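Here chain A shows up in two complexes: once beside chain B, once beside chain C.
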Partner chain A sequence: MTATTAAPARRSRRRRLDATLIVGIALVAVIVIGAVLVASVGRNFFSPGNIRDILTGMSVLGFVAIGQTLVILCASLDLSVPYVVSLSSLIAADLMAGNPANIPIAVLAVLATAAVIGLANGLIVTKLKVNGFIATLGTGLIIKGYLDTNYKGTSGEVPWAFQVIGATGIGPVPVSTMIMLLVALAAALFLARTRVGNHMFAVGGNEQVARLSGIRTARPLILAHVLCSITAALAGLLLASRLGVGSPTVGIQGGYDLLSIAAVVLGGTLLMGGRGSIWGTIGGVAIFAVVDNVMSVMQVNPFLKDVVRGIVIVAAVAIYTSRSLDRRRPRFTTGATGTTTPDAAHEKEASA
Partner chain B sequence: MSAGYDSVAEAAAGRGGVTEAEPVLVAEGLEKSFFGVTVLRGVGLTLRPGEVHGLVGENGAGKSTFMKILAGVYDRDAGTVTLGGNEVAFTHPVEAARAGLATVFQEFNLLPERTVAQNVFLGREPKRGGFVDRKAMVRETRALLDELGIEGVDPDAPVRTLTVAEQQIVEIVKALSVDARVIQMDEPTAALADHEVELLYAIVRRLQARGVAILYVSHRLKEIFDLCDTITVLKDGALVSSGPASELDTDELVRRMVGRPISAYFPGAEEGTELGEPRLVLHGAGNAYVDGIDLELRAGEIVGVAGLQGSGRTELVEALFGIVPFTRGELLLKGRPVHMTSPRQAVKAGIALITEDRKAQGLALNQSVADNALLVIRSVFARRTGEVRRELPGVLSSLEVASRGLDQEVQYLSGGNQQKVVLAKWLATKPRVVLLDEPTRGIDVGAKVAVYTLMRRLAKDGVAILMISSELPEVIGMSDRIVVMHDGRASAELPAMSDEATILSAATGMLRVGEAGHEASGSVAAVGEAVTDAATDADTDEEDDR
Partner chain C sequence: MSAVSSDRPSLGRRLADLGRMLVSPRGAVFLLLIVLLVAIALLNPSFAEPGQLIRFVQRVSPVAIVAIGQYFVIVGGEFDLSMGSVVTAQVVIAGNLIGQDDAKSLPVLALMLAFGAFIGLVNGLIVTLLKVPSFIATLGMMLALLGATLYWTGGAATGNPADSFREIGRGGIRDLPVIEILPWSVLVLVIVLAVAIWFARRPFGRTIIALGDNAMTARYSGTRSWWVKTSTFIISALSATLAGVLLVGYAGVHPSVGRGYEFTAITAVVLGGVVLGGGRGWVVAAAAGAFALEALFTLLNFAGVPSTYRDAVQGVIIILAVAYAATTIRARRRGRALETSPGPAPTNDTSPAPVAKEPDPSPDPARPAHIPSTQRADNETKGGS
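== the complex of A and B ==
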C-alpha cells in the first residue's frame, strides 16, 4: 500500500538540472561563441598563449570567489576582501624585503593577519548581529583608512624566488591557477565531507532549522568569514608575486568585492544562502575570464567590457530566478477552454 | 482499560497488549502561563510503549503548549515529566530527541536544498576518519525508510523535490534515527491529501509495532478513532478526561471538547438587511488551482466558504482578487463580464481582500497604524488620502482599535487589533464586495465578535461578503449560504444553518453537488472536525503574539 500511494507523486516530479551543470553548459557556450568571435579576427582562441592568458586571469578572482562562496552559502557577504587583498600584498612585500629567507614568515604573517580580520568579521556578524554586508563594509573601510594613511604608493620588495609562483607554469597552465584549483578542491571537499561544511548549508538555508537541529549556528558562519579572508590573502600574495611589490590599491582596482560576489552568483549559488557549489563559482570565474579575454583579443573598448559583464550577470541571475520560483503544484491544467466534465473529475480522483 | 486496547490490538493484529508494559512517559500536573495568561493548568498523561495516544481539544485548548513543554521548546511553570523512569526537564528539542523523545512539529524543520539523508542526520552527521560518512548516512536513511515500508523516497533526493507527505516522512525518519521511544506528532495530516493519510496510518502502525509510544495531536476525530488506543481531552488548558478510546464515541468526544453551545456569540443579521442584486457572479470559472466554480454573491449577503486546508478556498479568493487570475469561465461584476488580472484592478472595481496571513500579507508590521490604514488609499485612490486621513481616528475608534495612537507600529498591537487595522484599511476603499480569508484566525473572542458585528453592518449597507473559514461554527453562525470546497471545486452549496456533518461530508468529498441535504453515510464520524482545522495554527499564532 505504501509503495503505491507514494508512486504517483514521484512520477509527476520534474527533475531539475543541477545548477553546477548549467554553469558548465553556459561556460562551454561562452567558449564556443568566444572561439568563433576570436577566429573571426583571425586569431586562435585555443592557442597555448591564449589559454594561459585566460587561466592567469582566473586565478586571483578565483581565490577571492572561493572564500566568498563559503560566506554567501552561510547567507552573509564579505565586502572587505579587496582591502584584505591590498593589505596582504603589502605585508608580504614589506616582510620579504627582497630576501628569500623571509618568505615563510611573511606568508605566515599574511595568513594570520587575514585570519584575524576574518574572525573579526565573523564575530561582528554573529555576536553583534550586524548584517554581513554592513559589518564587512565597516571592517573594509577601517583597513582602507589604515592603508591610505600608511602607504602613499607601492612598498616592499618580493624576492625572485616568490615571484616565480606568479610567473611560471607547466605547459599552458600557470602554477598560480593550479594552486587556486587545489584550494577550490579543498574547499569543495570541506563543504561536502566535513560536518561544519555541511552545517554551512544549514545555517545559510534556514538558521532556525539549523538551531533546532542542535547546530551551534555561529561557528560555521565565523569559520566561513575566516576562510574568506584567508583566500583573499592568498589572492594578495599572488598579486604581490606578480607585481614584485605590495600595493595599497591593487585590491580595489581589481574590484574583487563585487566581482567575486557576481562570480559566486553567476555560479548558481543563491545570494540568500543555503544552496551553491564551489565548482559553480569556478565556472562563474571562468566565464568572466573568457569574456574578458575575448574582448581583449578583439580590442573592444574597455567601457564596453563592463557593459558586457553587466549584461552577463543580470541575464544569468534572471535565468536562475525564473527556474527556481517555487510555485504551488497546479491542480488543473491551465488554458483549457471550458471546465472539466464531471466524468473527467472522477477519473482524476480515481487515478490519484 | 484493557477493553480499549484490545479492540485496536485486534485491528492491527500481532501487537501485544500494551497495558502490561511499564509507562515510558509520565507527565503530571504541567502548568504554563504566558504573561499572566494561564494556558495549561495541571495537565498530565501517561504513555506506554506501543501505544498511540490521541491528544484532542479545541482551538486554544493547550495541546501545542503541552507538546512543546514535553519537547523542551517551552519550560514549564510546574509539574513533572518522567521519561523511562527518570525525571527530565528538557531545554531544547535536540536534548529531548537525544533522550528518546522526538517531536514532528507541524511546521517542517527541513532544509529544502539538502538531500533527505542530509536532513535526517542534520546536526549529528556520522563521521569516519574525520570526514562525514555520506555512505553511512544514505545507508542508514534507506534502512529506516525500508523499516517504515516506504518505497520511492530516494535518500539522495533534495527535499524540495518531495511531496508534502514525503517531507512528513522525512521528519518521522529523523525522529526514528535518534531511536526515539516516544514520538509526538502535531497535526501530522494537516497538510496531507486523503491518499497520503493512509500512508501515514501505515507508518504509525509500524512504529507502534516497534514499541514506540506515539502522542498524536489531531483535530480530525476520524483519525483519532482510527489510530488511537487512548484519548486525552483538553479544554481551556485543563484536562477533561484521559481514557481508552473504546469508552468514547464521536458525540461524547465532541461534547467533552466543546463543552458549551458553539453559536452563542454570533450576532444575527441587522435590522433592515436586504438581499440586493447580484454583485459578483462566476460561471464555470477556473485556473490551475480551482475549477468549474459557479457562484453568485448578492448585495447584503454573507456567503461562507468551508473546506479542508488545501481544498482551493484561498485560491478561489486569490483568483477573484486577480492575484492568480481565472483562465477559464466567466466573472461578472454588477452583470458585466470582467477579466480580473491584478489586485489593483480588483481594488478599483470595489473588491477588498482580507488575507489569511495577516502578518505576511495584510500589514507592514514595522509601519504605523496610520500608514497601514492608508496603504490602499494612498496607492490606488491617492486623491482621497486627505479625506480618509481625517476620518481615520473615527473609523479606528468605531472599530475599537486599542492602540497608543495613530503612529504606533502595528507589530506592537495584539492580533485582534492588528486585524481591525487591516479591516480599517479596506473599509476606507468603500468596497462593494469583501472577501475575508480566515478573518478571525488567532484573535481573541472580543475581537472576533467585533469582526462578526462589522460583517453584519457591511451586509446591511449592501456589501456582498464572501468569508472563508476553517471554523465550522463560524461558517454556520455567520453565513446566509455555505459553499463547500473540495479538491479545487465547489462540492456543494448548502443553505444557512446546515449542520456540521453535512458540511464535512461535502468537504471530504463524500457529498457532491446536488446531493445537498441528504446526509451522506459515514459523515457523522467526521463531525468533530468542526472543532476545527485551524486549531493548532491559531494556537501558535496567539503564542507568537505574546
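== the complex of A and C ==
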C-alpha cells in the first residue's frame, strides 16, 4: 500500500484519511483481482447482473454490520444479532400473514421487539457490569431457546407488496442496498454530528476519561446496543421479504454474528473501541461480497469458500494492523495503562 | 447463594472462611456445582451412585479439558475461537488416517499432537507477530480449518478408527471395587488437571497471568510476551487435540463433533470466575465451570425440561454468574478499598511481585479501586492486542 513516512506533525491529519482510505484501497485491489479471475473463466465481472448480485449480497450483512460498528465503537460486542435476525423475520412474516394491510404493524412490532432486546443487552452490560461478549452470548442463547422451542420450521407469509423491497431495483442497484446505504448515511451522520454519537467514540476510547469529562457513560453504550438490535431487525425484515417466509435458522446460517464483527474489523474499526467509521465497515462488507461473488462465479467448492474467507479476514486485518500500528493510541497497543502519557508510550512502542 | 452460607459464620473460623470462599466469585462455581449435583441426586437418586458419578465425569472430561486449555488463553488476555474446529479436524484426522490398522494408532496420535501444536503456533504467531486481534485471528482459523476439514471429507462422516484407539475415549480399567470401571478419559482429565495446576504455579504459568493482567508491566519486567502468548495458544490447541482423541472414542467420527466447543469452553471458563481480558482466575475453577455447565444440562434433562430450553437456561446462567462476579468484586473493592489487599483476586498471591498490582491509574485516593474494576469489566475484555 502507500508509504508510511509522514512527518509526525502531519500524522494526525493523515490518520483520519487513512482509516477508510486503506479499506478503499483494499476494496479496489480485491475488485481488480476478482475482475481478472472472473475474466479468466470468460465472464464479465462488471456486467449489470453481476454488480447486482454483489450489491444484493452486501445488503443483509451491511445492515447488521452498521449496528455492530456502533457497538464495537463503544468497546462492546453483540453476538446476539443472528438470533435477532431470525426472530425479526419470524415476527414479521407471522404478523403480516399475507395481508398487505398488516405491513406497518408488523414492521413496528419487529422494531419494537428488537429495541427491547437491545435495551436488555445494554442494561446488562452497563448496569450488571457483564462483559458485552458474555451478555450478548447469553441473550442470544435465550432467544435461540425461544426460537427452537416455538418454531419447528419456516412460518408466516409475507405479502407481495413487501416482497417487492427485496426483489426490485433501480438499474443494477437493488432497493434493499439503497436502503442499507441510507441507513449507513444516517449512522455516519449520527456519529459525526450528534452529541451522543461523539460520546460513543469517547466512551469506547477510554471510559474513565469519558466519565471524568462528565459524560454519562452508560447512555451511549445502551443506545448503541439498541441501534444494533434495530439494524439486525432491519436485516431480518429484508430476509423475510426475500424468502417470503420467516425462518428460525436464517440468522445462524448466515453466521452474521462473527461475520459482521469480521466486516467491522476489516473496515478499520478497532475491536477495542474508540476508533472506526461506518464507511470503512461498508467497505469491509463490500470486500466480503466481492470475494464471495468471485468464488461463486468461479464455482469454488462451498467448503473451500470458508477457507478463503478465513484467510482473507486474517490477511486483511494483518495488513491493516501492521500499517497502522504505530499510529494507534497507546492503550490499544500496550494493554491498559492510563498513567503513561501518550507521547511517551508512543515512543516506547515505536522503539520496542 | 449467599443465603446458604451466610448463616454459618458463628460455627467457627474455618467454616466462615469456607463460606466466604464459596460466595466469592472465585469459589461460587463450586457452590453452584454442589447445589446442582445435590439437586440432580434428589431428582434421580441413582445418579449419586459411584458408578453413575464416574460416568458423569467421563462425559464431562472432553469439555473440561477444552475449558482448561481455553483458561490459559483467556487468562493471558486473549480468546481462542478455533478450538471447536481443531476438535473437529482432529476427530476427522483420527477417523481417516488410522482406519482399522492398530499399528497406525501411535504414529497418527503423534501426528495429531504435532498438528495441534502447529495450529496453536500459527494462531499465536498471527496474534503476536502480525498483531491481529485474537478474536479475528482465531475466527479466521476457525472458518479456514473447518472449511478445510469439510472439504476433505466432503461434508459427510467418513472413516472409523480402530477399536483400540477408540478405547481411550470409551474404555477404562474394569472390575474395580466401588466404581466398576475407571474410564481412561477420567484418568486423562485428572492428569491434565494436575499438569495444568502444576504449570499454572510455575513461573511460566504466573507470567501468563501477569501478561494478561497488564501486558506493559509484564514486558517491562522482562517477559518475552510473544512467546508466552503463543504458548497459550499452543496449549489450547493441544487440549483441543486431547478432547478430540477422547471424543473419537466416545462420540465417533462426524464433522459436527466439536461444533460449538469454543463457546462452551468460554462459557465454562467464565462460569469459573475467570475474567475475560485476562489476569484473574484459577484453572481448577475453570474445570469446575465445565462440570457445573454439564451438571446443569443433566439436571434439565432429569427435570424433564425440553432440550430446546437448554440454550435459554444456559444463557440466563452465564449472565447471572458473570453479573454476580462483577458486582461482588465491585462491592468488595469499594468496601475494602483502604484495607490491605482486595481479596477476591486469586492472582494477587501467585503473581510475581512487580507485576501483580492492578493497573490503577486513578488519581483520586478516596475511591481508588472502583474505576479500574468497571474499566476492566467494560473496556479491557476483548482480548485484542
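Methods note: the second predicted complex is superposed on the first by the 307 of 352 C-alpha atoms of A that agree within 3 Å, B and C clash if a C-alpha of one lies under 4 Å from a C-alpha of the other, contacts with A are read in each partner's own complex, and residues count from 1 in each chain.
One rule holds in what follows: a contact is a pair of C-beta atoms (placed from the backbone, for glycine too) under 8 Å apart; a residue touches a chain by one contact, two chains touch by 3 or more.
Only a predicted model underlies this, so the values are computations on that prediction, with no experimental measurement involved.
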item: First, second, both or neither for A:Asn206, with chain B first and chain C second; value: both
item: First (chain B), second (chain C), both or neither touched by A:Thr194; value: first
item: First, second, both or neither for A:Arg275, with chain B first and chain C second; value: first
item: Superposed model, chain A: greater residue contact from chain B or chain C; value: C
item: A:Ile215 touches, of chain B and chain C: first, second, both or neither?; value: first
item: Residues of chain A contacting chain B in one complex and chain C in the other; value: 206, 208, 270, 332-340, 352
item: Complex contacts: residues of chain B adjacent to chain A; value: 92-94, 109-114, 118, 122-125, 127, 130-132, 134, 148-153, 160-161, 163, 165-166, 193, 195-196, 198-199, 202-203, 284, 286-292, 312, 327-329, 487-489, 509
item: Chain C residues touching chain A - in the complex, by the definition given at the top; value: 77, 81, 126, 130-133, 135-137, 139-148, 150-151, 155, 214-217, 219, 263, 266-267, 270, 276-277, 306, 308-316, 318-319, 322-323, 326-327, 330, 359, 361-362, 371, 374-382, 384-385
item: Sites on chain A touched by chain C in the complex; value: 75-77, 124-126, 128-135, 137-142, 144-146, 148-149, 204, 206-208, 211, 221, 258, 261-262, 265, 270-273, 301, 303-311, 313-314, 317-318, 321-322, 325, 332-340, 352
item: Residue ranges of chain A in contact with chain B within the complex; value: 1-3, 5-7, 9-10, 13, 15-16, 192-195, 197-199, 201-202, 205-206, 208-210, 212-215, 270, 274-275, 326, 328, 330-340, 345, 349, 352
